[in-house]
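Single-structure report; data block below.
Chain lettering (A, B, C and D) follows the sequence in which the chains are written, and residue indices restart at 1 in each chain.
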Amino acid sequence: MTLALLVLLPFLAAIGLTFVPKENEGTPRIVALLTTFLGLLLGVRLFWQFDAGQTGYQFVTTIPGLGAEALGIHCRLGVDGINVGLLLMGAIVAFAATCVARDIGERAKEFYVLLLVMTGGILGAFASLDLFFFYFFHELALIPTFIMIGVWGRGEDKNYATFKITLYLSLGALIALFGLIALYLQMPPDQRTFDIPAITQYFAGQRMAARAQQLIFPALMFGFGILVSLWPFHTWAPLGYGAAPTATAMLHAGVLKKFGLYGLIRVAVPLMPDGAKQWLGVLALLCLGNILYCGLVAMRQKDLNLLIGNSSVAHMGFVFLGIASLNLIGITGAVVIMIAHGLLAAVSFALSGYLYQQTRTLEISRMGGLLQQVPFAGMALTMAMLAGCGLPGFANFVGESMVFFGAWKVFPVVTALACWGALIIGAVYMLRAVRSILHGPLPEDWKDLRDLSNLWRRLPFAVLLFTLLLFGFFPRLLTDKIRPSAETIVRMANGGSVGTRASNQVVQTGLVGEPRNEQRPLTPHPGPLPWGEGASIVAFRESGGTRIGETRAKVFPLPEGEGQGEGERDGGKSGRVNSPQGLSFAE
Amino acid sequence: MQDALFYLFAALTVLCGFLVVANPFSRNPVTSAMFLALTIVSLAGLFTLLHAYFLAAVQILVYAGAVMVLFLFVIMLLDVKEEGRRKIKLFGLITGSASVAAIFGIFFKIFVLTTPTLGAGLPPPGLEGVTKPLGEALFTQYFLPFEILSVLLLVAMVGVILLSKKDLR
Amino acid sequence: MSASLEHYLVVSALLFCLGLFGVIARRNLLIIYMSLELMLNAANLAFVALSRFNNNLDGQVMVFFIITVAAAEVAVGLALIVALYRKRQTAHVEDLTLMKL
Amino acid sequence: MKLEALPWLILFLPLLAAVGITLFTLKNRERSAGLSIGAIVLGFVLTIFFIAVNGWEPVDKETVASWLEVEPLQVDFGLRLDPLCLMMLLIVTGVGGAIHIYSYGYMRDDPGVGRYFAGLSLFTFSMLGIVLANNFLQLFIFWELVGLSSYVLIGFWHERPSAAEASKKAFLTNRLGDFGFLLGILLVWDTFGTLHFSSIQVELIRNPAALGSLATIAGLLIFCGAVGKSAQFPLHVWLPDAMEGPTPVSALIHAATMVAAGVYMLCRVFFLLDLPDSHALEVIAWIGGITALLAALIATQQNDIKRILAYSTLSQLGYMVLAVGVASPAPAMYHLTTHAFFKALLFLGAGSVIHALHHEQDIWKMGALKSKMPVTFWTFLLASLALCGLPPLSGFFSKDEIIAATVNPEHGHPALFVLAVGVALLTTFYMSRLVLVAFFGPAKSHGVDHAHESPSVMTWPLLALAVPSVAGGFFGIAELYGHQLGEAHSGYHVLAVVASLGAVIFGFAFALGLYWNAAQDPLPEKLGALAEAARNRFYFDELYEATVIKFQEIAAAIADWFDQWIVAGLMVRGAHGATELFGRALRLVQTGNLQTYAFLFVLSAAVVLYFMIGR
């Protein structure tokens, strides 16, 4: 019930709002705030109740009435490891965006209606288990973006940006649609359905024709790639976010952009293993373009919004690298970055919106020394910028390091360059922005800026930064939930339909008794590690000598007896109680 | 005897139809109107051949009588002179006639070549004095359309009055 | 051989194409209108022929309706032409290229 | 049970203090200072208590909690307690505590005191994290957090452009080092499958050739981290600029603890560097040596008291890295310990001088402070003598061990020995120059007249630090390290002692001759170009400006141009142009002529009919 409510609430509120007469100014904002706050609570409850133990989809609810039975379309919502975090992030960002949408002056009612429709579309897109509605909700969320940027946007090339962002996204969506329909047609006529679990079940059974995979996977990859500003198709993102009003930029850059990546992970990678293997090399190279190229472009930006836009494009590069690595760490890291970047982009755009509202300009060179005048906003911007360049303590670092660890096995050179992009280029343009906006002497005309005084105005920033820090300090809150579903996807992506989990799942990387082969050249691993299901973990542990220093020991006293040798710990435990409470002290 | 009359009336209709459309002698609309009236009359003849006596009468009365008179009245009112022959756009003419011929070819192929079943083996027409059953049908089975028609005519009248008011902007 | 259905249908097709040609080729609005009437009559002929050979009255009722509609249509059409003429002093199709008069 | 919780408490107390200050007591000066000082002093007391109870070799080595756990990647958040770590705990909490108390007096009149103490606590938390970390990723996390806290503290007076630039430069240079470090970690993880120090050490004992040909590369990449953090030769440019921060910050971060983190890390992962077929150690030794020499040379010509001390720190760090390079981590740690005490004391002394002269930092504007500030003078003198390596003091013992290590043929090298002694000479020279000009000789500016001794809250820490810097040699620290990091193979002590004493005497005499109540610096005329170059830090900043930063700017410019013209222009405009053309072509058909419409209608009707029924 929570899931259906979470998705439908914004739509109902939007419809309700249309009947509110134009005179009373306040009600639209109050209604929107209430709805999104309720959505936030539902999101948190959903995330908390999600049991990482059992695989498959949870909270599956079907909304009657929508969908056409004949084509096998019915609006079914469900949640598994991958999208539970995204839904939570979407709900949080939606609430923050509504709080920040205070700076919308004229025609506020229409803005809030569109904002609610967009929120509903986003949450629906992430929650739906039906390919048709998966696509439908995304398009539904796209329309308000166009209108909001067009009407309430800012900057002189606003119209150009509006049309560009919409044309690009529709083009991308069309290519993806082509892929989805081709996928739908691959099923035998009688079993044809848009239901994702059914399709995955079917293709887990027997593989799709190789030729079809070669065709459908690129279509989906480039279609979703355009939606997520993959390198050659990225020019719409910075421009669009530069011109968009704060709330739209937050929602779009933060959440809607993840739709493409979610689509890749949910649909493209598991269903088309051969297609994936062949094309992911290209994806890895393109994501380098994202990371390095857009990082360098971001260094040249004069406008704060363009800088944040470019940096968010660069961050997408890491997610692509994570997906391209096709192994458990990489994909889990990719999902963590998606969530972390959502929050980061939201808080950065909220702050730049706040600064724009005060100073009426986003020219970095004209701003300076703001930290003295607006300490809270300044500190929040510094934290956001530092999170942006992957500082530990924030969730972005967790995601990025997991992607680096994951992709190092498959593409070592690309990962090295990605590290350069993340650590150096990211730090350069972020700190340069902080230096010229916040530090240095305070120019005359910013003497009268007002800081975020009362609690209400600080709430959105506090919520977003708190979540970033929470997942940064206790990443297991996220990773334990993502891991099981990521495992099934990785197993399918490695062509591991249940049957082929036999022989060598005990892979030589672990120090299992026998010494590693002598000369281990720096070549990438033969292929992503075919990790088995839970059983392989057990085998991994029991075979041969004690696994050195690997498993979880009790936090406090080590098992007595000095025989373990200095620093060596052998838990000898097979299953693991992965309690969701972050720093899981207990065994 | 039947066939002779049929060929006579058919030839007359087609000839007058052609003369309405493309009169080699004079381009005056009046002559076209006259030939149109003649076409309608020969059509009425064909109707009688098909035992639709009432319709033949209606055709002549309403169509030839009222509509043609209206046409003539408007032509006289507008005093449309024999305007000079505009430059005939040859290209337009040829393509136009080609496409019309194509459509006729399609009809011809359908009617003649493929529908042996349609006309053959029909019982001899039993409808003597066809007007009574037509009247019954009109006032029983098709009563609703009949009423709607009256409304249609009323609307047409209102429309005409409105259109021909003096101060039409 | 007595005049069978195809003969009538051929005549009506011929008449219809003549009317169509008139609409396309002629540039005088009135003539176009007359060819339109011609096309209507061709349809009437086909209806009557079919009603005769299928031995039921629906065709004839339909023709009756068509005639009424045609009459209404002529009335309104001519009124339009008159209004047009008064405004533009021409009934020539080539001059009337603008939607707004 | 409670005893094991102690390390966690020591680690998290400063973090709680930092969070408490930022959230609640940012405005209230006393309470935030109290929180921060309380956290670190309590930490110090707890450390002493823990060592007293468990001794230097606690039975339970690891306490572990799983931080991140995704199949092949298992990252724990664990604390590792062994002599090396406990000693560092003592240094960080001890010296840190003294500096915290000192800065309460120093920063009393600064409006942002709350923010300052929050930064200090954050730094202490991250430094403790580095010291206690038991795996690579946790070490890397705290490595970056230390970089962040130094960014915050250097840029404390962020309204001053120079401070803002310095903090940005510090962070970026550290990040450069961290980049190499991360690649090293990835390489090690890929080879061993685990990030755990102890597991890797055990594996390496069993199979020294595990890394194979990558040993040197891995060693050097990990050394990159140390180069960035401890400001070694290529990445040393940020340390002198870091003096923009408040003096206690320089004392804490850029003398005692943070820069020492690099050397500590090298000792912690020494087993990775000391592999048979890896020549990482030679490279490390040479880089350490070059840094020491270069910094010492530059220090001789600096006029700002804090810059001289900064370069002296650089040079001493070079010494420690040199020690690690010659495969003797124990002397390196020993020197690190003693250096932490007397260098912190020197910085605090300099701070008290600056505080007294109302932020005057140029030594040529000081002079005759001996009588005005007795406590500061005596503690400063003792500390500089310890730094130069006068026998009874702690500096002598630790520096002597390093010089001895450079002599033995196995890892050492004669050139390194000469270099080490030369640096010892230069150290004595610039330290005595500083002391003679600043404290002895005529008063060189009227500011000196009303200089008076700093308040007790500042002088007490000076005295507290003076004790270990004097008596450091006798605490038996060397044996402690020796036990864990392998005995220092002595045997060349005699030669080392003679050489270092000679260097000290000669250096002092040379400085005395030049600077005994000299009004201004005589060296520039004598050396001319070399002195000029030394004053401008051998133009490294300009060199980097021209190469690395310029290259990145050009690359960015090209990318930006390409983005604007090719990607945005060609591809997008192209698509835009094509659709425009197509649109214009279609417009021709809509002529407005009824005939054409009718004709088109008929034509299409014909086509449709043909396909539907005609065929």
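Couple of notes before you dig in:
In this text, contacts are C-beta pairs under 8 Å (C-beta built on N, C-alpha and C of every residue); 3 or more make two chains touch, one makes a residue touch a chain.
This one's a predicted model, so the numbers in the text were calculated from it and none came from an experiment.
Touching subunit A and subunit C together: D.
Chain centroids computed from C-alpha atoms place A closest to the centre of all protein C-alpha atoms shown. The chain with its Cα centre farthest from the Cα centre of subunit B is D. Distance between chain centres (mean CA atoms), subunit A to subunit B: 71 Å. Note: centroid distance subunit A to subunit D, computed from Cα atoms, is 34 Å. Subunit B and subunit D, compared by their mean Cα positions, are separated by 102 Å. Rounded to whole angstrom units, the spacing between the C-alpha centres of subunit C and subunit D is 96.
Counting only residues that touch two or more partner chains, subunit C has 20, 24, 27, 94. Across the assembly, subunit A contributes no residue that touches 2 or more other chains.
Residues of subunit B in contact with at least two other chains: 92, 96, 99-100, 103. Contact annotation for chain pairs lists A-D, B-C, B-D, C-D, with touch applied as defined.
The touching residues of subunit B, when paired with subunit C in their complex, are 2-3, 6-7, 10, 13-14, 17-18, 20-22, 27, 29, 32-33, 36, 39-40, 43, 46-47, 49-52, 54-55, 58-59, 62-63, 66-67, 70-71, 74-75, 77-78, 80, 83, 86, 92-93, 96-97, 99-101, 103-104, 107-108, 111-112, 115, 118-120, 122-123, 125-127, 130, 133-134, 137-138, 141-142, 145, 149, 152-153, 155-157, 159-160, 163-164, 168. Interface residues of subunit C, counted against subunit B in their complex, comprise 1-11, 13-22, 24-28, 30-31, 33-35, 37-38, 41, 44-45, 48-49, 51-55, 57-58, 60-61, 63-65, 67-76, 78-83, 85-87, 91-92, 94. Subunit C contributes residues 20, 23-24, 27, 93-94, 96-98 to its touches with subunit D in the complex.
Those residues of subunit D that touch subunit A in the shared complex are 1, 4-5, 60-74, 76-77, 80, 137, 140-142, 144-145, 148, 155, 158-159, 161, 163-165, 167-168, 171-172, 175-176, 178-179, 182-183, 186-187, 189-194, 196-199, 201-203, 206-207, 209-214, 552-553, 555-560, 562-563, 567-568, 571-572. Those residues of subunit D lying in contact with subunit C across their complex are 591-595, 598-599, 602.
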